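First up is the structure itself, then whatever we jot down about it.
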Amino acid sequence: MRFFSDNAAPAHPKVIEAISASNQSSTAYDGDEWSQRLDAAFSTLFEREVRALWVSTGTAANCLALAALCPPYRSIVCHRDAHIEVDEAGAPGFFTGGAKLMLLEGEGAKVDAANVTTALDLIGKDVHQVQPAAISITNATEYGLVYRAHEVAALGELARARGLALHMDGARFANALATSGERPADVTWRAGVDAMSFGFIKNGGLNAEALILFRTELFDEVAVRRKRAGHLSSKGRMLAAQILALLEDGLWLQNARRANETAQLLAQAVPARLAYPVEANEVFLHVTPDEALHLRSQGFDFYDWRPGEIRLVTSWDQEGDPVERLAAAIATL
Amino acid sequence: MRFFSDNAAPAHPKVIEAISASNQSSTAYDGDEWSQRLDAAFSTLFEREVRALWVSTGTAANCLALAALCPPYRSIVCHRDAHIEVDEAGAPGFFTGGAKLMLLEGEGAKVDAANVTTALDLIGKDVHQVQPAAISITNATEYGLVYRAHEVAALGELARARGLALHMDGARFANALATSGERPADVTWRAGVDAMSFGFIKNGGLNAEALILFRTELFDEVAVRRKRAGHLSSKGRMLAAQILALLEDGLWLQNARRANETAQLLAQAVPARLAYPVEANEVFLHVTPDEALHLRSQGFDFYDWRPGEIRLVTSWDQEGDPVERLAAAIATL
Amino acid sequence: MRFFSDNAAPAHPKVIEAISASNQSSTAYDGDEWSQRLDAAFSTLFEREVRALWVSTGTAANCLALAALCPPYRSIVCHRDAHIEVDEAGAPGFFTGGAKLMLLEGEGAKVDAANVTTALDLIGKDVHQVQPAAISITNATEYGLVYRAHEVAALGELARARGLALHMDGARFANALATSGERPADVTWRAGVDAMSFGFIKNGGLNAEALILFRTELFDEVAVRRKRAGHLSSKGRMLAAQILALLEDGLWLQNARRANETAQLLAQAVPARLAYPVEANEVFLHVTPDEALHLRSQGFDFYDWRPGEIRLVTSWDQEGDPVERLAAAIATL
Amino acid sequence: MRFFSDNAAPAHPKVIEAISASNQSSTAYDGDEWSQRLDAAFSTLFEREVRALWVSTGTAANCLALAALCPPYRSIVCHRDAHIEVDEAGAPGFFTGGAKLMLLEGEGAKVDAANVTTALDLIGKDVHQVQPAAISITNATEYGLVYRAHEVAALGELARARGLALHMDGARFANALATSGERPADVTWRAGVDAMSFGFIKNGGLNAEALILFRTELFDEVAVRRKRAGHLSSKGRMLAAQILALLEDGLWLQNARRANETAQLLAQAVPARLAYPVEANEVFLHVTPDEALHLRSQGFDFYDWRPGEIRLVTSWDQEGDPVERLAAAIATL
């Protein structure tokens, strides 16, 4: 029973259908009708004009944005456990041409304005130390915590005051919104976010993420960087079609709600073992190696996060039965 | 009627089916059964052990290979009209970290050993001039010409003698083999090729190309570079499945033959206008701007290659009727 | 007798004295009094406010400027024989993070506006081809030709019209001005130059070049890039002191005049053999390999430029006697 | 009275003389007799064949070595306070093409094998996390602590066991040896060091550091990278001559001893205020901001290291009187 990662879930049937339905076209790259509809679709969602580009991975979406926001000789402030630090094989350094990540502590992989301020204040204002250019946050975080609009706004205000850009890794943005119930606009551009990756792959998509630019003037540069990074698919219509299929009728939010709700079910069944509050679709539990072994022997698949801690992730297609069985299995450990 | 690019063709129905059929899996990235079958499938095709990685574009396939073959401080010898020079937005410079392309002349975008030798001999052997590390050729070339095994072997021998690697951009490798009838092994590793991109997207695939490493020891480095470039799809099984669907039962060769044959039909109908011999699925014709306009007004879509010359590309799904109509239209110009 | 390169000449005695005289200081990097005087000294020379940074090589001066003028994903238009293309080991690609050089033809390594226009017009305006960001010219050129202000102005106008920056490699800027008699301002910023390297090393300096920014707002970025490239000497005062020693009392122009005059002497003695007009301190002669051997056997040292052509360079410390002896030796070949 | 930095000290008179004496040459770059003597001079010092290159800054020496030891997609393990992390403007990222620094804790900026092991063991062995390629240590450290041969050997053994290279930043290597009395060979290559920067600039040199390669096969690559980074001075003889002047007759050790001894004098006068043991030429003292102000008002110049802590650095030309006056001033605070 899969609790390993939402990455491993199948694509939603409507996504497969959309790929098939977009197969015929007379235009390559992003000249097709599906790609051309993205700007409008996301502008509606975000209640203002935005530019949107499809890319095929979250790493590409994050790092193309960061490259546009941070020159090679500056740094990006992020949490020590951020995906861009620990899970992208150094892609930020590659895409930016050598920019550094400046790592912060913070409970549940959450960056807060006070921590950022302290860190920034320690940097000597000279040419010897690398000066920051951007702050990057992940929503929901790598530990499944959700930023509320006011928290992002505090970071946005700080960023503006210090002349920094603000980037959001939204690989699980749907899960965050499904929990907070906030408007997409409130937790992003109204709170000061300049660019974000908007994740679909963990939420029913196959291989399409959206890179959203609130600073629309960055579009041309990012479009060139996308091509230069080998991410301009000649049949990009099938990436756009996936995104549109999930956006339409709110399928993306439905999917995320399903994943979140099953995570809640699990969390409520084993409250004493929770390592973090469960706010999205990730559940971190205190489980000994022996216990983990025992769970695996019963067919549960999950990730050993660190000694004594496991990570369980529910997906858009999560059925209740495995959750109940897992909850029961943990209860009897 | 589409003669603009094989890039714009639909994916083959079996490819769409394969994507759908690979949708369920319990493993992310390339741990799935489809991805795991690639090495064996290509090793069979190439009659020796090779390592194969899926990527989503030809640019990524080319440039990941080049980055493994050429350090940042050296250069890659290629034709002035090579795709890596004119159509990849500088991706070789990005992936390699600044390596140069050293551009050669040559009829029909073909690189020959004599030209390479002359160019290499002009480079001062010191630290002031950039020293070459690799030769890159495209087969079929950007003008639709096909390298035979003995031609590649001459370049392979030269490369070995000079300590250079040999790379093949095989975006239209299927079209080349469909024409030459040569064995994949003979025109690649037996002729000295170290790594190649093996194209499927222009030949019935949706968004999967294969990067083939004949120098199998490069696999680990390339796998890291793929991740670092944002090209490690979490649901990569659907890329592998596309490739397998085309490899099985020789669908890739059937598709290429269809494209080539219809290009021949067209070429034979208008021999006086041919700018280059037609050896694959591209037809370059001498056509004045006025004539081109006239053709377009009749519904034919194609690329203005340069003043007085147009490019027509047939695809795996090419039907005969538009070819006949185009031939007739050109004949009556 | 040295005609190999002005690079190999000694430093002027006043330069050595200046190094010695600046040895005592209480400040590191560029906080010292000599470094602090550079902006004013060059602002006076150029009749407007400029920012000036010392660096220790011409390659560093050129490439730091180019990195500030051209993003990684665009290109720099220059002559095929430009120093940045053939003599800097790919440094432009390194400093810019992968930008391309787009190479032009042109007599005597001179770039003219017509050639640039033709080349620019051939570039497809899309994301597939690399778009230019800057034009770089060398004055005096690698063949010793001198740009007059009106020639630079034509390029400057073109650059502005196309949204490109204009860079000048002034490794032999002194030699150019010594010949043209034009004002530094007229041939640089008034003609549209945005940044330049101002050479001293070939003209009596030891290891100090000046990087001059007419777009003064680039200073902070360039200062960081200088540090990041390992070019912020902790005792930079001795670089500044060299430059000041050569600027004061017009020593830089005196030195250049001496070199140019002796080159003229040589040129006038062997007019039939000249491969290019002699406008600065370089003389290119048609000389067979046998003749070259014969000259070398008499103690003359020079560079074999290409088969049948040699390069002779006079220096700031050029004495007349070797010139006369060389002229005589060539006359009797 | 200067206690700010050994960077700000003058060059030793013999160094200035050596520059002057090497001014005449007939060869550019590193073809001159001084440059050609470096390999032999350092091979003698290190009791085995080494290759040595001059460069003009410690940052260049460090980062050229690191670029040869670490590919762009891997990381370098170092202390959080290492010069390459906090004082080189991100140069390691620039020279390597995007490699990361992986930061360790450790008293006095010292890296020990246990800390490194713990950190390495936490890295997932997959393509998602950046894998290390090298360990870099600074000797003497940024806090003036000295590695003994056995300590380096423990790191060297660990590096070999893990397939990592070992780099030493020897900006104050002379100060380290002056204290430890160990043989250069024992604390470097015999202990597993692959490449090091050997500092002269803080120890009587003007602007010459040596990059020493114990893995001599790296020479060609490093020589190209040096040129490509704009660090191949055309009159490099004056860099080589500085180094030779300091190596000959053991002047480098004499200079370092003088600096260390005066630091000891100071340390012994104010033992209660020492933040770290004083093993080289740096003294870190607990001093309140008010006290610091008071000391400055008496003409003492130093660096505010962090709140409540100042750094005092003695130099090769340190006279005793200011040390005694400073000691007295501190005693009466």
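Labels A, B, C and D are assigned to the chains in the order they are written; within every chain, residues are numbered from 1.
Here, a contact is a pair of C-beta atoms (placed from the backbone, for glycine too) under 8 Å apart; a residue touches a chain by one contact, two chains touch by 3 or more.
Keep in mind that this is a model prediction, so the values were computed, not measured.
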item: Label of the chain whose CA centroid is most distant from the centroid of chain C; value: A
item: Winner on C-beta contact pairs when A-B is weighed against B-D; value: A-B
item: Computed distance of Cα centres, chain B from chain A, in Å; value: 34
item: Centroid distance [mean C-alpha coordinates] between chain C and chain B, Å; value: 42
item: Chain B-chain D separation of Cα centroids, rounded to whole Å; value: 49
item: Of all residues in chain D, the ones touching two or more other chains; value: 72-73, 88-90, 94, 97-98, 127-128, 224, 227-228, 232
item: Touch list for chain C against partner chain A, complex; value: 71-73, 97-98, 127-128, 131, 221, 223-228, 232
item: Touch list for chain D against partner chain C, complex; value: 2, 4-5, 7-8, 10-11, 16, 19-20, 23-29, 55-57, 59-61, 63-64, 88-91, 94-95, 201-202, 206-207, 224, 227-235, 238-239, 301
item: Complex contact set, residues of chain C against chain B; value: 72-75, 86-90, 93-94, 96-101, 127-130
